[in-house]
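All remarks here apply to the structure that follows.
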Amino acid sequence: MIVRPRPSLFTLFFILKGSIIMRIFPQMLFVFVVSTLVVIAHRDMPLIVPGSLGAPFALFGIAISVFLGFRNNACYDRWWEARKCWGQLIYATRGFARQSVMLCELHGESGKAARRSLIDLVIVLPHVLVGYLRPGGEQMVTPVLSPDLREAIRASKMPAEVLLNQISRQLAGLRRDEMLTDIQLKMLDENVQQMGIAVANCERIRFTPLPFGYTLLLHRTAHLFCFLLPFGFSDLLGWGTPFVSTLIAYTFFGLDALGDELEEPFGLGPNDLPINALAGVIEHNLREALGEADLPPLPQRVDYVLT
Amino acid sequence: MIVRPRPSLFTLFFILKGSIIMRIFPQMLFVFVVSTLVVIAHRDMPLIVPGSLGAPFALFGIAISVFLGFRNNACYDRWWEARKCWGQLIYATRGFARQSVMLCELHGESGKAARRSLIDLVIVLPHVLVGYLRPGGEQMVTPVLSPDLREAIRASKMPAEVLLNQISRQLAGLRRDEMLTDIQLKMLDENVQQMGIAVANCERIRFTPLPFGYTLLLHRTAHLFCFLLPFGFSDLLGWGTPFVSTLIAYTFFGLDALGDELEEPFGLGPNDLPINALAGVIEHNLREALGEADLPPLPQRVDYVLT
Amino acid sequence: MIVRPRPSLFTLFFILKGSIIMRIFPQMLFVFVVSTLVVIAHRDMPLIVPGSLGAPFALFGIAISVFLGFRNNACYDRWWEARKCWGQLIYATRGFARQSVMLCELHGESGKAARRSLIDLVIVLPHVLVGYLRPGGEQMVTPVLSPDLREAIRASKMPAEVLLNQISRQLAGLRRDEMLTDIQLKMLDENVQQMGIAVANCERIRFTPLPFGYTLLLHRTAHLFCFLLPFGFSDLLGWGTPFVSTLIAYTFFGLDALGDELEEPFGLGPNDLPINALAGVIEHNLREALGEADLPPLPQRVDYVLT
Amino acid sequence: MIVRPRPSLFTLFFILKGSIIMRIFPQMLFVFVVSTLVVIAHRDMPLIVPGSLGAPFALFGIAISVFLGFRNNACYDRWWEARKCWGQLIYATRGFARQSVMLCELHGESGKAARRSLIDLVIVLPHVLVGYLRPGGEQMVTPVLSPDLREAIRASKMPAEVLLNQISRQLAGLRRDEMLTDIQLKMLDENVQQMGIAVANCERIRFTPLPFGYTLLLHRTAHLFCFLLPFGFSDLLGWGTPFVSTLIAYTFFGLDALGDELEEPFGLGPNDLPINALAGVIEHNLREALGEADLPPLPQRVDYVLT
Amino acid sequence: MIVRPRPSLFTLFFILKGSIIMRIFPQMLFVFVVSTLVVIAHRDMPLIVPGSLGAPFALFGIAISVFLGFRNNACYDRWWEARKCWGQLIYATRGFARQSVMLCELHGESGKAARRSLIDLVIVLPHVLVGYLRPGGEQMVTPVLSPDLREAIRASKMPAEVLLNQISRQLAGLRRDEMLTDIQLKMLDENVQQMGIAVANCERIRFTPLPFGYTLLLHRTAHLFCFLLPFGFSDLLGWGTPFVSTLIAYTFFGLDALGDELEEPFGLGPNDLPINALAGVIEHNLREALGEADLPPLPQRVDYVLT
């Protein structure tokens, strides 16, 4: 994710980082070249290559704008919902740490050890989730876990679930050892359940893309529209056609490509969510709640980019 | 559901799988033929067959775009809500498995058996639900269930409810046998309630289509619009009319047909939800939570399609 | 509600049932007649009766499309929210039946009788609600209730609340008689609360229409727009004006009238919700949960219509 | 709020009550006069006063339609959310009355008195809230309350909170006197919490208007657009210009003014929410739940208007 | 946030406070100058500087309107969601104060002291949050806190979490000292959890801006569109071009700039949320709930502005 102060109006036109322009440059160039050829061809063979079909194209273009707007909205909603899921993970993990302070207050040192052991598991959870969600990501399994658990996480197809199951197992053990009452167990379990919900919702967004037919239809019509534009307006625009066509193509391809990026919010694209940094924030929070003095630093953006 | 890497720009135009083009090919052909006839007729009888009625048609087309956009949005929302219901089923079943580990921790072997018996029921639930929701689907009833229960599921009009009732009956039995306290029962019951909510919401989406009058109005106007297009623009477009009309028809019919497909998200169409695969994922998760070593494989897509 | 398989393209144009065309036929006829008169008048008195005012009308028409689209969206949301409330009623009643099996497991025959008595009340609830919500509906009060309660329901302005109060009273009685613990009572009460929420939300939708000024403004402008259309395009369209005007009027009046129908989702219109059938489904579910052998049949659609 | 049967098509054009036309009549008249002057000036001085600038105005008008549509949507959402908050208040108060029947069942006469005293407070709550939310409203404080409490409500800036605090204080007192267990207290408290949420959400809607810059921008552009309209189309429309301009102004000003009215849903405008009537409904419900025989009548609309 | 009575129509055009016009004045001036130059250049060199490219620009402008509308909607949603988070903070803090009255009722003076100590922490929470969320804000740490806690808050990167942890620690201490039962603890903890959720959601909105590529694309296209406008319509508009272009630029730049302001709802801009005032409201509420006589005054707007 790109985090930077609002640039001035002038620099605005020259920022490349985070701009979608890098991804759609080939298509824009293609539109530019086609437009130039059409202008030339139309000048030489006006009867064969038309240059003023604008009216139906305008209708077509407005229809595509409306549909593209809806798709963009849907993609943005996925992106924002994904961030909300991580927000849920953040408040559930913090809530768990906050409530578990009961163990210390009620059972002294042994409670403190039990809490420490639980929170160590919770700290690992978001890191494991990053490995699971990020395409090409690897699961980070820290040495703080027991070798068995490390192995189980590595072997599992749903590593976050292994961790949650282990947390529940430890909570049940504390209940058995009478370090937790039923109600205290239920309080802590409610936050574990929230973590499970956040994990399942992230999975949903990660592995259920927008309906492919939808994407396909809009890609195709947006591209065809842009490729046909010079036939619509070269009479009017003359040598300005390539520039105006490319500008319109920038808008349409740009929104289309941004939609693609937002559709998969857990990727590494410049507009994707910085889930790695969020996992770091959770770790920082939990270690602070444990009272550790030597906290890991909060994740910093590098060259305006937070991953 | 189609899951595939983003195709390159060039292949994008030649993908048929998942494209809506297969379903709307007849209508597109019809528009093409009508357009060609109109162009010919207009050339021969320009006074009788008009060819430049574009202005009111443009207005009509924009209005239809707006309304079609709204319908598409509503259909997409149904599809995504259906996926959310299955997400709810996933986290409720996992949560149930996670919490029920209490039984093992607190009551040893007898607790383990009780948990096993409960989770066997939960594993069957999504499979039965697939049979119930998918048009033409059959209920899968595994031999792991008792013959009585199998028969009750087969006889019932709402087989998922039979299973949920059975789960609650067993939980109440465990409460009676003092293997669960009231609060532990309530914890588990909250996830059973979530399963019941997910089931009822799936039923709602499955058996309450979009208002028929809505669908009818948009189908009719979209078709009439496309059939009338050549009368609007053949003066301008000449022999290009059939191509441009067909292109616009592709956009409008395509969105309309995609809306139809997304409206019934539990079908077997290429853009429908892979609920069979999701049931397989739940089974995998629960068996893993039970500690089984020999897990069923996760569902794989076949030819880019996950059912 | 109309439930039918997707009709073929050809029959699509000749379906009347569920089409909004029956309701807006007078207005469409009016537009047709006015258009014809305008065409004649314009031919005879082109200086007095204009025929090519299209440009500002197009702008006006697009503005109305956008606003009509928003209104339609709001009406559809009401309709869908109403269906969700009934979904909530469905899962809350089922959940209540499912949880109350505790009574049988823990207290044998006396528990069974208590459960039966509670569920008899729950079965009546949706039927009473249908009578309350459906304009012109009558409250169905079955003989299974005590005469006092029947009378109280008949006398009350909010009959569903009388039933819910009675359920809570019986639950409190069971608590007093130590057939329920506090926590078990709370579990059951949570579903009663859900029923109360569903009832209150249905009331909200039923008795709070869209702001009247909103409806009025859109009705007026949509009608004026359609009546003025022939002045805009009769120069261009000639004798085709009445047909095109009527087609556009069909779209605008149709959406407007559909909005009216969806705004009151509990009515008896062909696009309204089948709440009577849903009450039947709940009764079927609950009787099945009670273990009754002789279940009432599920509601069937008659001539594609489910009420 | 206006509640009336759908008027016939003919009367539709002559209804003033609830129509926004009364509020925007001055502006419409202004547009009419300006248009007439422009037509005259354009006829006399066509070189100085233009009359056919339609094209850029159409673009401008469509853009404003889109933005106005969004603002209207936001205002309607506020209105509907405000109604939902009152729905929440309705079901929370009813739920409280329903659950508190426990007190009667478990503790006989003393429980009945305690319940009566609690519900008397709850009955006053919505009335006090009406006084708080309605601009220029007065707080209704009934003599049923103790003088101290009456005084505290009058003195407080947040009178509803004083009542809720008093309810919680009494509940805690019942807990101390062992008339409620912890769990029963929690059940009742959950509904009190719902009331507190509804109150806070009403406050939010009442005291946080739409961003002022948003309102300002749309007011200005909509007005400028309507005042400039005659310059755009008087060539085409001639003496029809004032009529068409006024019609378009009616649509734009009407939506804008409706948005203003819906933005403050607790006012006394004809399209605002009947919160006074809703408070009466709650009082009716709670008195009925208490078993009172002599119920206050349900609020009736006067001249189609419910306040 | 600007809170003022609806201005009259005439003054509407001359309000600067809260108008976005101050921020976009340079760009509007630029458009005005460019337009004037284009008109002059077009008059002198009509073959080189075109003046009637309106058609494709109209299409482009409508597309941008649709996309800008969506972005504005997303920004407004962020702003409103931020206000909802503060609403949640309000009802959670009030709910906490209301429930904690139990301590007084059940444990007399020592309970009162414990409650006082808890609520002192809660009062500080929103003030600390303002310092955390507002760009350039400072954390207000009142002397009422213990020096250790003050130091911890100052040192922490997430100061609100430090407070919430301290609240939970004190609650657990009360549980240990048997001043709270498990269930009472759970009641209070549920509101603490709500506070934690509100805090995490505010953080989400504060630190996750809209995808930068989205903002960039719309800024660029909106600016290019406005700079190109005079080439589109100077033939038609003549010397009116600079005025009409600037008017259209006002609409587009204005919405764009408003979107920027709403995107960061915790800033100090005139359309941002008055979180400082809301923190004051919470303090007022809680002190009143404690029964303090000398309440701090409610925050007042200064020159129509509430911060």
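Structure notes:
Read from first to last, the chains carry the letters A, B, C, D and E; within each, the first residue is number 1.
FYI, contacts are C-beta pairs under 8 Å (C-beta built on N, C-alpha and C of every residue); 3 or more make two chains touch, one makes a residue touch a chain.
For clarity, every value in this text was computed on a predicted model and none was experimentally measured.
Between subunit A and subunit D, the least number of touch steps comes to 2. Following the contact convention of this document, no chain is adjacent to both subunit C and subunit D.
Bringing subunit B onto subunit D by least-squares fit of CA atoms involves turning it by 145°, to the nearest 5. Residue numbering shows that subunit D and subunit E use the same positions for less than half of their mutual interface.
In whole angstrom, the spacing between the mean C-alpha positions of subunit A and subunit E is 23. In subunit A, the residues touching two or more other chains are 58, 62, 66, 69, 73, 183, 186. The touch graph of the protein chains shown is a ring with every node of degree two. Each chain touches its two ring neighbours, and walking from subunit D in the direction of subunit E yields D, E, A, B, C.
The touching residues of subunit A, counted against subunit B in their complex, run 26-27, 50, 52-53, 55-56, 58-60, 62-64, 66-67, 69-70, 73-74, 156-158, 161-162, 164-165, 168-169, 172-173, 175-176, 182-183, 185-186, 189, 192-193, 196-197, 199-201, 203-204, 207-209, 211-214, 216-217, 219-221, 223-224, 260. Chain contact summary for the complex, subunit A toward subunit E: residues 1-4, 6, 9, 12-13, 15, 18-20, 54, 57-58, 61-62, 65-66, 68-69, 72-73, 76, 79-80, 83-84, 87, 90-91, 94-95, 97-99, 101-102, 104-106, 181, 183-184, 186-187, 191, 229, 232-233, 236-238, 240, 244, 247-248, 250-252, 254-255, 258, 261-262, 270-271, 273, 284-285, 288-289, 298.
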